[in-house]
Structure formats: C-alpha cells, structure tokens
Amino acid sequence: MSEKKQPTKILDVKDLKVSFKTYAGEIQAVRGVSFDLYKGEVLAIVGESGCGKSVTAQTIMRLVPSPPSFIKEGSITFDNKSDITKLSERAMEKIRGSEMGMIFQDPMTSLNPTMTIGKQIAEGLIKHQGLNKEQAAERSVEMLRLVGISNPEGRIKQYPHELSGGMRQRIMIAIALACSPKLLIADEPTTALDVTIQAQIIELMQKLQEKTETAIILITHDLGVVADMAQRVVVMYAGKIVEEGSVDDIFYNPKHPYTWGLLKSVPRLDLEHKSDLVPIPGTPPDLFAPPKGCAFAARCPYAMDICLQQDPDKFEVTNQHKAACWLLHPDAPAVEPPVGKGGKVHA
Amino acid sequence: MLKFVIRRLISMIITLFLITTVTFFLMMNLPGDPFGEMSQKMSAAQRAVLYQQYGLDKPMFQQYLQYMGNVLKGDLGVSFQYPNTSVNEKIAQSFPASLELGLWALLIAVVIGLLLGIIAALNHNRGLDYAAMFTAVVGVSIPSMVLGPLLSYYVGVKLGWFPPGLWDTPKHRVLPAIALGFSTVAILARLMRTSMLDVLNQDYIKTAKAKGLSQTSTVIKHTIRNAILPVITVLGPIFVNVITGTLIVEQIFSVPGLGKHFVQSIQTKDITMIGGLTIFYSAILVVVIFLTDILYGLVDPRIRLAKGRK
Amino acid sequence: MMQLKKELFAPVKRDLDQERIVRPSLNYWQDAWRRLKKNKLAMTGLIILILLTLFAIFAPFISSYDYATQDYDVTNQKPSLEHLFGTDQFGRDLWVRIWWGTRISLFIGLAAAVIDLIVGVLYGGISGYLGGRVDNIMQRASEIVYSIPFLLVTILLIMYLEPGISTIIIAYSITGWVPMARLVRGQVLQMKEQEYVLAARTLGAKPLRIILKHLIPNALGIIVVQITFVVPNAIFVEAFLSFIGLGIKPPLASLGSLVSDGAQTMRFYPHQMLLPTAVFSLILLSFNLLGDGLRDALDPKMRK
C-alpha cells in the first residue's frame, strides 16, 4: 500500500485528456484524469464500458492509434524519468514490452494465429534483452512453466488455435512478463473467460505479482476481481475519475452515488441478508458533447440543481480517499448511502 | 489436412469428367458438317472414308467412350481442318509461349499488386492510399483488350521503346506481359489492401506492438504474413483470368501461343481442336486451383493442423 | 472554492425519461446515403453513369444517322460537326454506333444483374436458409459449376447457339451467378444465427416472413455492392467475346466490337479506337468507383 516506507513512484498521470476525431467532431474519451502508482502496488480502474478506462490504459503505452486519437493535454511520467506523452515512437518501442507489459481482454484474438507460441514469447526477449534464438526459446519455456503451463517444451511449438482460452491468457501473461516489466497493464484480463478459469487467472496474477513486485493497473468492470487483487481503486465515469481511494474506502465507505450504483449492481455472497441486484438506470452521456455539469447527474437519484450547472471538484474524505460529488459539499443535504459500512445494503 | 486434400481431389476429378463430357456432346451436336467446306467438295465415298477415319460412323455412345478413353490416355485427337496435326502436337508446340507470357504477367501482377496494397494499407486514408487505390481502380477499368492495342501502338510503334508485336527476344515479352498483367495488378492491390487493413485491426497486432516490436517488424512478421493468406486463395482464379486473357493478348501482339490457335480454331470451326483445347485449358485451370488450395492449407497452420473435418 | 448559493443544493425535479439523444439517429440507408454523398469519387461515378445512360438512350434518336447505313463517300472521317465522332471504314456514323454500342453493353450488364438477383440471390438464400443436407448438396453443385472456367463454357456455348445478345446472356446465366449465390449464402448463414432472427423464430414467425422481413433487408447491402461489380464484369465478358469474334454480329455494334474493330485500324485512324475505348473504360471505371463507395458506405463496420 502507499504507506510503505520508501515507496517508489512508477507512474504519475496528470490531467490526461484524450480525444478522438470523427466525422461529427471530437469525442472526448478521457477528460482530465490524474492518478499515480507505486512499486508493487495494484491499482484498479473500474467503470462501465465506454467510460474511458481502456483508453486511459492504452494511452499509457501509447497504443491508441493516432489518428484518430490524440492526447490533448496532460502528462504521464513513467519511472520518474520521461513524459510518455512526449516520447518519440522509437523511444516508446524501447519501453513497451521491456518496462511495461500489457494483457488484453480477449485471449482468443490477441495471439497471432500463424506463429508458434514460442516465437511469440521470444520476440520481445530477442528485441529487448538481445538474446539469440536458443536463449530466447529457453527463456520462453521458463516463462511458460512460470505461468503454470504443463509440458512447456512441447507447447512452444504449438499454435494458438491448439490451446484453450485460459491457456492463451496464460501465454499472454507470459508474453507481458517475459522481460520483467516494472508496470503491467491488465485490460479486462478475465472478462472473456469462463468463471472457473477467471479465478485461476486471478490467482496466477496474484502469485506472480507477489513474486515480481510488478506494479499493476487492473482495468475491469468486475468488482469481485478488484476486491481480490487491488489495493487502491479509481472509479471512472464518462472520461473522468469520480472517486478514488483504498479498496476498503471504496467497498465500505463509498461516497459517490455512481460508486453506490456500481456496488448495488454486483451480486454478493458475503452479505447477511439477500438483496436484489439494482441496475443503474439510464446510459452514460454522449462524449461528443459532455454535459456542462456533473456527467452522472442525469442518472443520479440525488441530483441537485448545482449538479446540472457545474462539474464538482474533488472533495477529500481522507488524504487518499477523494470523490467528485456535490453531496460532499457542506451545504448539501445529508444523504443516507444505500450501501454502507461492512458492505451492508440498506434496502 | 489429408481429408481436405482428398475431398478437393475428388471434386477436381468430377469437374474434369463433367467438362470433358459436356465438351464432347457439345462438339458432336454442333450444327453443320464437321468438315465444313471441305466436305462439300468430296464425293459421298470420300466422305464415308473420312468419317470412318475419325470414327464418326459409329454410334454416339461408342464414340463418347472412345473419346473419353483417349483423353484419359492424354490423347486429345486430331484436327479436323489439318488432318496431319494432332491437338497434342499443337499444344506442345505453342503452349510454352502462352505459359511464359502468363507467368510473366502473373509475376508482375503479384509483385506490384502486393506492394501497392501494402503501401496503401499502411498509409490508410492518407494521400498514398488514395493514389494507390485510384491507380488500382483505373487499372480494373482498362482491360487488356484496351490496353494492348494502346501499348502496342503508342509505346511500341510511336515511341519505339519495345517491339509492338511478336515473341523473339526478351524485349518482345515486355508489352504483352504488361498488357496482360495490368488489371490483375489492380485486383491484387485492392485485395491485399483490404486484407492488410483487416489484419491491422486485429488484437494480435496490438499485442505485437505492446511487446515493443518496431513498426517494421510488426508489419513484416505479423501483418503481411497473415494478410497474404486470403490473397493466396485467389491466386487460382487469378491464374485463370490471366490464362484466358492470353487469348486476347496473343491476338493483339501476334504472339505464337496456344491462345492464338484457340481463337483461330474457333473462327475456322475446327471442332476437335476446340474441344481438345477446351479440355486442356480446363484441366490446367482446375489443377492450378486445386494446387493453390493445397498451398493455402500448407501455409495456414489452422488448416494444416486441423484433424478431422474441414 | 467560490461561494455557492444555498438554493443550488435543492434536489432537481424531473421527468423520469429525460434522456437526450445528442447525435441525430439515422437509419441504415440514410446513414449509407450520407456517407456515399460525401464520397466524391463514388458520386462522380454515379453521375457519369447517369449521363452515359441518358446518352445511350437518347443520342441515337436525336442523330439523323443510324448505326447500319454505310456511306462510301465518307469513310474513315475524323470527328467533325457533321459526324461528331467521325465515321468508320464503311462510312457509318460513329457517334450513333458508339451510343448504340453503349446501349447494348449496358443492356447486357443489366440483364446480368437481373439474373444475379433472381438466380444468385435465390440459390444462395435457399441454400443458406435451409442449411444442413440441402445446403451441402447445393454447395457442392455450385462449387463444380464455379470451377468450370466460365469463358470456356461460354465459348463452347456460343459456337453451339448463334452469336448475339441473347446467347451472351444465356451463357452468363449458366455460370455468372455463383459468386452472388456464395455471398448471399454466407450472409444468410451468419444472420440466421443472430439473436433477433432466433427471437423471431421462437415467436413463431413463418420462414417466408423471416426471409422477407429480416434476412433480405439485411443482405441487401452486400447484394447492391455485388451488383455494381457484376454489371461491369458482364460488359467485359461481352467485349471479350466480341474481341475473339464470338460477340455481337455486325452491323449491330457493342462497345466490345467497336473497340475490337478500332484496334485493327488504330494506326491510321486512332479516333476509331480511342473513342469507344474511352466510353468503355469510363463505364467500367464509374461502376467500380460507385461499387467501392457503396461498399464503404454500406459496411456498418466502417461506421465511425
């Protein structure tokens, strides 16, 4: 957690704004996002589809194709050295794969169908660590063993279509971790997998994370995965961070109505009494023309006049727990949160 | 894979059998006398001898069996017009020129077409893309029957850069090969571009980039390799196009190839020649398509390693 | 933080469904048309095609010449006010002949499109919709038809029948429909499995209704695009046959036969080659540009 003795900052994202140019104008996918990440830490970014979490993550590796996307504002400082947003493509190539690795959502499409597994793992090793083919092949076998694949010597000669989805995601993890990166970005790593396989992959990632002390950004909309892995959580809505804090803050003392909505829409087995799942009504705003006020106001049961007029600043609950909601303003009426301490739901 | 090969092989044999059968009956039922004007100058006795010589006096079914038997042995019969020339001789004599012409055209088309497609896709929606694709669409709109005469006259006669016709030296190959390959360049360029764009949108390209591979090695190792696969499947039909195109291009440039003879035999209604050459051409085309299918299977591990059906 | 009025913190009163739709919603065809209109090349193609069609229909009527009458006083003339496109070696007016040829070429293209729509769409649709054994047999059959080299069959056929417009169309209808059938079958197979079709079927919709209401409208996009490639292809086939002497018989002319005749005399009278060539290539070009534009416009995957 962030109260470690001498935490090394791996990543510092400041006021990041990313937009896409389209025929009808500019889609503001990320609208001023700031967060940081320390060595050995797991930060979860949660939110609905289209809230900008994947764009944020892929922008850190500069993987969003440009055009149509462009970084409008902000900085991403990696490893206290360079601002990612200003690096040349060549300098980025050196960082990608060696200092940052990425796991994608769908393991069925993330591997090249016409190249053997072994070659796909070895590629990064050859590029970044200057290994020759034999050394890289040896390392690939080690990596496969590390991610829990049996008979790795045989597997490296196989093609992706010969493996199951769970195995392919293990291979993706092996590729991402091959060069021992300082930062691993996992973009919905379990979404496309069966539930039982999901648990295995989470377990594997936890185990590897303890072993390697890699910092992880975990993008997901699955709060169960968050509770399992992350120490800190960032909740995104319509391209902005609406709430951030430790896992305990978010699960036991959430402050933003959107976070309440998210928590209510997740099935939980640990609750004392059964509660119905409550979906959040409505849909997120169109990011062509984001609303003047709070983006969530249109769907928020507690919305006030101010919410429609002015976007709230971040209010500090504690020094690491912040939420952007007018309800935290001293003038606002007191609202009893529908989800509360100990995860109990007041229905 | 083996099952795949066998299935394709069987359908190839059926196709060839059907083509030969259809060709035979169409030939035999052609209106008019098979010997044309020649026949009118002959006496009834002479004609009978001639009919007997060609086996035309026997019942149709027997003729059919005999013809099929001969075709199986590789004998395509004797010309009705020139009783001294067999179809096989004609093929042996003039097919090499046609084949060479076709291969040159194919080579030009594949090399330039793929390059154009790759360049266009890598510059998607930018100037080079529009330029390459406009060139390609213009290319499709200028078929060899148009381009051939234009090249022969303007480049061959007026500018004098290359011989406007005939087939003697390497220089003679240039204009016919360009005329024949040009529209194929366009087809391949468009296909390769689409296929490249498709692959560039795949997740595994993002994976490759996330590994830190450079643009160049992502393109060469991951994109082109995969993008070329669907292009291989059309090489068969493309070859068919090129070979049928020789019928026209050989006319225009007076290339002494088989296509020219085919057209001549059509114009003189030399029935056995037409039938024999149709079967010969069909066989080549069907075999080439079969081979490209197999090639595709070999290149794509998803098919190569598939066990069981499809 | 700036001072905020207390009244601002009153809860808002509102209707439950006040979701605003910011982007105007367009249906599939409106959206496609909007994109097509923005594609300058495709629109140019469309306009050229309309103009050429108008010329093909009306130009021969307006002229005082006809396509067949020979006049040995005016052979091989260059374009002039009297003969806008000059004359050929028999003194026939090329302006009239070229537009007659365009008319015939376009007619053959149109006929091919109709055949494709009837035979290809039906064959593919039935094969894909019924699936299973029927599909399998129909597929094998069309595979065999397809692997017989099209031009060779046509050549044989034309020797058998008499050369002419109807023969070319018959020849085309024997093998030309297969690509369309394959395309439609693929599309139908794909759509058949989609939820909304399953839903319709579960609700008891009759097959005919499913085909008419769901499958055909959704396959229409690719059918339209394919047609724009079928037409120039049929025009090309006619030209090919004319070039090897199996096409339209004189004195009638098609663009193919005019190009073929022009090629014989181009060393001495280049306009006899260049003019029909220009119209011929313009037709092919326009169809291709329009087809490309349509494909981009109708492909929902391209929707940004």
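All chains are identified by letter, namely A, B and C, in their written order; residue positions are counted from 1 within each chain.
Keep in mind that, in the parts below, contacts are C-beta pairs under 8 Å (C-beta built on N, C-alpha and C of every residue); 3 or more make two chains touch, one makes a residue touch a chain.
Keep in mind that what you see is a predicted model, and the values were worked out from it rather than measured.
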Chain pair with the higher count of C-beta pairs in contact (B-C, A-C): B-C
Centrality ranking, top chain (CA atoms only): C
Distance between chain centroids, defined by C-alpha means - chain A, chain B (Å): 54
Whole-Å gap between the CA centroids of chain A and chain C: 48
Whole-Å gap between the CA centroids of chain B and chain C: 24
Chain B residues touching chain A - in the complex, by the definition given at the top: 202-204, 206-215, 217, 221-222, 225-226, 229, 299-302, 305
Partner chain C, residues of chain A touching it in the complex: 22-24, 68, 282-283, 285-286, 288-289, 297-298, 302-309, 313, 326, 329, 331-333
In the complex, chain A residues that touch chain B: 61, 63, 89-90, 93-98, 100-102, 104, 106, 109-115, 120, 123-124, 127-128, 159, 161-162, 172, 175-176
Contact set on chain C toward chain B in their complex: 41, 140, 143-144, 147-149, 151-153, 155-157, 159-160, 232, 236, 239-240, 243-246, 256, 259-260, 262-263, 266-267, 270, 273, 277, 280-282, 284-285, 288-289, 292
Sites on chain B touched by chain C in the complex: 11-12, 14-15, 18-19, 22-23, 26-27, 29-31, 133-134, 137-138, 140-143, 145-146, 148-150, 153, 157, 240, 244, 247-248, 251-252, 263, 266-267, 269, 274, 278, 281-282, 285-286, 289
